[in-house]
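As written, the chain order gives the labels A, B, C and D, with residue 1 at the start of each chain.
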Amino acid sequence: MLKLDKTEIWLVVSALVLLASAFLLPNWLTFILTLALAKALVVQGVVIQMRAGLVSFGQGLFFCIGGYSVGMGGAFLNIHDAFVLVALGVAASVGVAAILGLLMTRYRDIFFAMLSLALSMILYGLIVKNQALGSTDGFNVHDVSFLGWMPAGEDQKLVIFVLTVIVAGGIAIALNRYMKSGLGGVNEAIKENEIRVEFLGLSPRWILYANYLFAAGISAVGGAFTALATGHVDPEMAFWTTSGEFVFIALLGGTSHVAAPFIAAVLFALVRTYALELAPHSWQMILGFVLLAIIVFLPKGLWSLVAGKRRAAA
Amino acid sequence: MTTLYAILIDGMIYASWLFMVAAGLTVIYGVMRILNMAHGSFYSIGAYTGASLVGWYFSGAQGAPYWSYALLLGAALVSGVVVGLLIEQGLLQFMYKRDEILMVIVTYALLLILEDATKLIFGVDPYFTFQPYSLLGRSEIGELTFANYDLALIAVAAVIGAACWLTLNRTHTGKVLRAVIQDREIAIAMGVNVKLMFAATFVVGTTLGAIAGALTAPAISVSPGIGVEVIVLAFAVVVVGGLGSIEGAIVGALLVGITRAAAVHLAPQIELFVIYGVMALVLAVRPQGLFGRDLARKI
Amino acid sequence: MTQFLTGRRFAARAACSLLVLCAAAQPLTSWARVELGAPAGKADATIGCMFPMTGRAAIYGRDSIAGMKLALADLARDGTPAPTLRVLIDDTRSKASYAVRIAEDFIHRDGARFLCGMVSSGVAHAVSQTAQRNRVIMVGTDHASSRLTIEAFHKYYFRVSNDSYTSMAAGARYLAELQRKTGWKRLAFIAPDYDYGHVSWIDLRSNFERLGVKFELVGMFWPKLYEPDYSPYIDALQKAEPEIVVTALWGGDFIAFMKQAASTDFFDRTRLANFDTGANYEVMVALGDKPPKGLIVSARHHNNWPESERNRRFVNDFHEAEGRFPTYAAEGAYSGIMMIAAAIRKAGSATDTDAIVTALEGLHLQLPEDPDGFTSYIDPDTHQIVQMQAVGEVVPDDRFPPARVMVGNWTVYRAEDLSPPPALVRERRSRAAGTADYFP
Amino acid sequence: MSTILETRGLNRSFGAVTAARELNVKIESGEVVGVIGSNGAGKTTFINMVTGYLPPSSGEILFEGKSIVGKSTREIIRNGMTRSFQVAQLFPEMTVLDNLLIALVAAEGPRPSFLGGLRSRSRIARADEILEEFAVQQYRNAIVSAVPQGARKLIDIAMALIGKPRMLLLDEPTSGVSVEEKFPLMDTVMLAVRRHKVTVLFVEHDMEIVERYVSRVLAFYSGEIISDGVPAKVFGDAKVQELVIGHGHGRKTEDKERSAA
């Protein structure tokens, strides 16, 4: 049924290795990996739109919707099944994206970035002022069951890690297909020359709209898993510096390979964890210098380092 | 009726502060097409240098108090020029060929660096230097009392606005600058030293940000994070007014300022949300802002 | 034909990323972590404590650690045989999701039977739910929201410092007496816009209702936490022309608000009251020698009250050890360690959690906060420590340099008058059943 | 021969300037119609209206009998009328092969597939055929921004033809191309056009090119068509001589003088 190409085979292998390592690695590392993989899904949402020429400085909006849907589902609607909660998050996120997308796809580069930033700050403003949602403190996510099964305390984190790896792997394969598909190619074409795409009989606006919705969906999955893993949600998820971080990681990895955002997210998480421990007051500075180095020396991102100059070499 | 006066005057005070903060940002974007995320850090550097200098001056308590205002401006000028030159010459001048959106991310990296740099240099604890603020006393307008320092800020903002507008529209360098804004390549072809223009503009932009910070320092407790706070507000003003236009920044500051003042008085709950609401609304209707030029699609 | 990525190159990449993972795998002991007391092997019980050690609230973290050192020293010096305690302290960075993570590490990796500390109520609330889930005792030493001992109460949660209800009860009584003298009618309230701020207002209002104090609420304002610019709120407050302004702003925010208000005629026409954190030593230092007029303040611990031998020894020991005088966080942390030690001694075991819970309920222990003739005790129903509270005004006093003013003209309130009536506790707990606080 | 394109009473004015006045044109399928006229004569306005990029102030445009006024560019392209560009509009950072593959995907339908791979074997084979047909196969894997101007023009036209249009607008195909390359380029284009049986509307300044490749010429001057017919007739027309070619546009006339002197 599913004929996997070379990259997809390696994706499956990497996922299996990660799953196996779950039992070897200390649980604080699996926790960091869970968060990194969940964050990588949001970064994929940024990357898809970046490949079409749009830089979203407000992807935190859908990351937050995904997270809060899980939190609110548990606290207010008494839904405690993980799969239903994640689906709820994706549905809410794609619903919001369906409306906002009509407006957002009319804009390009700086204006798209600023409007997306403004919209995510509006959500931030709404949540911060809302008492029932614990305003700036946010609130805890209740324990979840997985199709009825309720694992004991610490195992729950392991189950969430396994679930994240599997879902992230599935999405990675879908993204790989998408990037190499006709639609994926047209995406890059829109970035290069939107008018030509129009004169080839396609509607760039509807393709960007589809991108926007797809990115919103996987960002919500990222938000949902982050909420499940940390057990807490707060308005910080929609703040513009969080969205800035997603753009940072997207650039760190580069947009040319589906695995790049995953590797970049893990590296970012590790660099930040060590930087936080070593220099609690200047970890942001370290990240700032890393970003500058990437832009100056590796415009195509870390990925171009590893994949070598495949185009020129062929 | 008094609430209407209160909203108008509070709105004016807040608008003048917003304009001072946004002026540097819109000047730099106008000429250099760089949306400077690090502008908030220049604001906080100006605030920190101003606050620490004035704090030191008053702890000694020898000189006449009114010198502290000169000290504030001096601190802003020095820190603005030094930091501006350092960044422009050290980094930005090599990157003018890069496309706009990448420059936004370069300045985001600068923001991350400068935010931590200020923490390392000035520490984490807040600076309270209220003497210059309370020195000017207060005055009554109707039954309302306002700090003279705030009212003075309106005048200072007006001066800065007029200065920017006049240099841009009524001086020779202004004409040349506008040529660079229209088309960089042709300006170079006509022998304009664009490199110098960019360096000067960037330093002016950072110094304007630092001045805004230094002049605000006496009115607030200067602490980490005020820079990040200010950037998004400055974006709202500049985007509403139209990127790169001084008149736009003035009108944008007034619009956002008065809306926020109304919100604080009438519906404090929606205060934060209302600013971004205005920004999203204007962007939806006129993406290039009230005064921005519509970028034609040439094929 | 260009392969998208040749197998060889992909393998190289996968290998290098795995290498990075393994390099990161060696146990990351967080350098910021502090360890006190007995080493891992020899301790009867391990206590996992969490405080902000970076950012603006770092001063409370530093003082709490010093307070704990004093407690461990007092336990060792004390005649009666005390349990050997191992105290681990980590940085919450004032972020709830991060604190929850540290709490779970303390429980599962370090085998901590107790969690303690936490300055922000939001962080405390998140960790409290983790403590309940893992059936581990949590002793709050510095966060004050009464929600933790009422709406979000659970069997394993205790608090050893006055909460917002106790402070507001003392404050309401003080303002009731002031009303009989000055007949003030117009009151305004301003507090940071998060859980602690809103709960403080709820507690003040319910105390006013209990005491039958009639007043006109002329304004309520909710600046965000760490707001740098209070001028719009000060202007709005002046327009509302209140006679009394009660605030729950704390630390740097409270100081910034007072300094900005001092540059206006705010203090000529209004009296500012802060019953929960106003008298903190850090605030006294910041007031310098010209405090604003009419300030009414109280706090969970004062360096100059009570004049008891125990309090004087605590403050001097702290000054000798740290070279500065303590903020109120120090006494809270000190009490936390002493309470845990006393409970283990009373229960006779350091591992039987339920026995320790029953031992703690109703436990009496003499603390620096207690004036002579009174002993603090834990309320069996709310697990909140019951202590006397002293409210006063700012008076010149340079016995504790660098502060030039301290609190004086004390009005002291009996502990029994300040605890929430059981009916109110039941009513608030039932109402909480449907909200985000409710925890199955 | 059926009429493929007809305009009735076509007007367009920008404020006071009338760029098109009462244009009535009929083009039969299979024709190669040259459009000449100095800058500002209304050529570009006419082309932009006909390709749906610019709505007319009034009048009717019928393509294969159906009105295309008010239709989006996309719909008009889907109906079989497309255009190439004076400055080749390609995807600069992608390879020439990728550019063609994108055009092939677009030709397959308005909603590109999410699953099917861009680089399917059949599409690559079809792309290679097109590269041979336009003699640009040596640039197959080169990044477009590194490809010379002439080849880029050919690729631009090739991509336009991939959508199997019935009518193609050539917008100054030889502008910016060196003199030696001009005629080989035009031969390749005309060969491909004839093989695909495409009607061509052909905007060109170079009279030598117009004369050699065009079956009919429309001469524009200040928004009106002043002459319509076979090249010999139009070039012979005194008004065209004076108003269009007289403006020193016809390179032919200058060469004659130089050679005569």
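Basically, a contact is a pair of C-beta atoms (placed from the backbone, for glycine too) under 8 Å apart; a residue touches a chain by one contact, two chains touch by 3 or more.
From a predicted model like this one, the values you see are computed outputs, not experimental measurements.
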item: Target chain D, source chain C, minimum contact steps; value: 2
item: Winner on C-beta contact pairs when B-C is weighed against A-C; value: A-C
item: Central chain of the complex, centres being mean CA coordinates; value: A
item: Where chain B and chain C are represented by their mean Cα positions, the distance between them in whole Å; value: 38
item: Rounded Å distance between chain A and chain C, as computed from the means of their C-alpha atoms; value: 36
item: Centroid spacing, where centroids are CA-atom means, of chain A and chain B in whole angstrom; value: 33
item: Centroid spacing, where centroids are CA-atom means, of chain A and chain D in whole angstrom; value: 45
item: Shared-contact residues (touching 2 or more other chains) in chain A; value: 128-129, 180, 195, 281, 311, 314
item: In chain D, residues with contacts to at least two other chains; value: 89, 141
item: Multi-partner residues of chain C (each touching 2 or more other chains); value: 2, 54, 224
item: Residue numbers on chain A that touch chain D, as the complex places them; value: 177-178, 180-186, 188-189, 192-193, 195-203, 207, 311, 314
item: Residue numbers on chain C that touch chain A, as the complex places them; value: 1-5, 7, 9-14, 16-18, 20-21, 24-25, 27-28, 30-32, 53-54, 91, 93, 95-97, 100-101, 104-105, 108-109, 120-123, 125-126, 129-130, 133-134, 193-195, 198, 224-225, 435-436, 438-440
item: Of all residues in chain A, those that touch chain C in their complex; value: 5-7, 10, 13-14, 17, 21, 24-29, 31, 71, 75-76, 128-129, 131-140, 142-143, 153-154, 157, 180, 230-232, 234, 236, 257, 259, 263, 266-267, 270, 273-274, 277-278, 280-281, 306-308, 310-311, 313-314
item: In the complex with chain C, residue positions of chain B that touch it; value: 2-3, 6, 10, 14, 124-126, 128, 130, 133-134, 138, 144-147, 150, 216, 219-226, 229, 261, 264-265, 268, 272
item: In the complex with chain A, residue positions of chain B that touch it; value: 35, 91, 94-95, 98-102, 104-106, 108-113, 115-117, 119-120, 124, 228, 232, 235-236, 239, 243, 269-270, 272-273, 276-277, 279-280, 283-284, 287-288, 297, 299
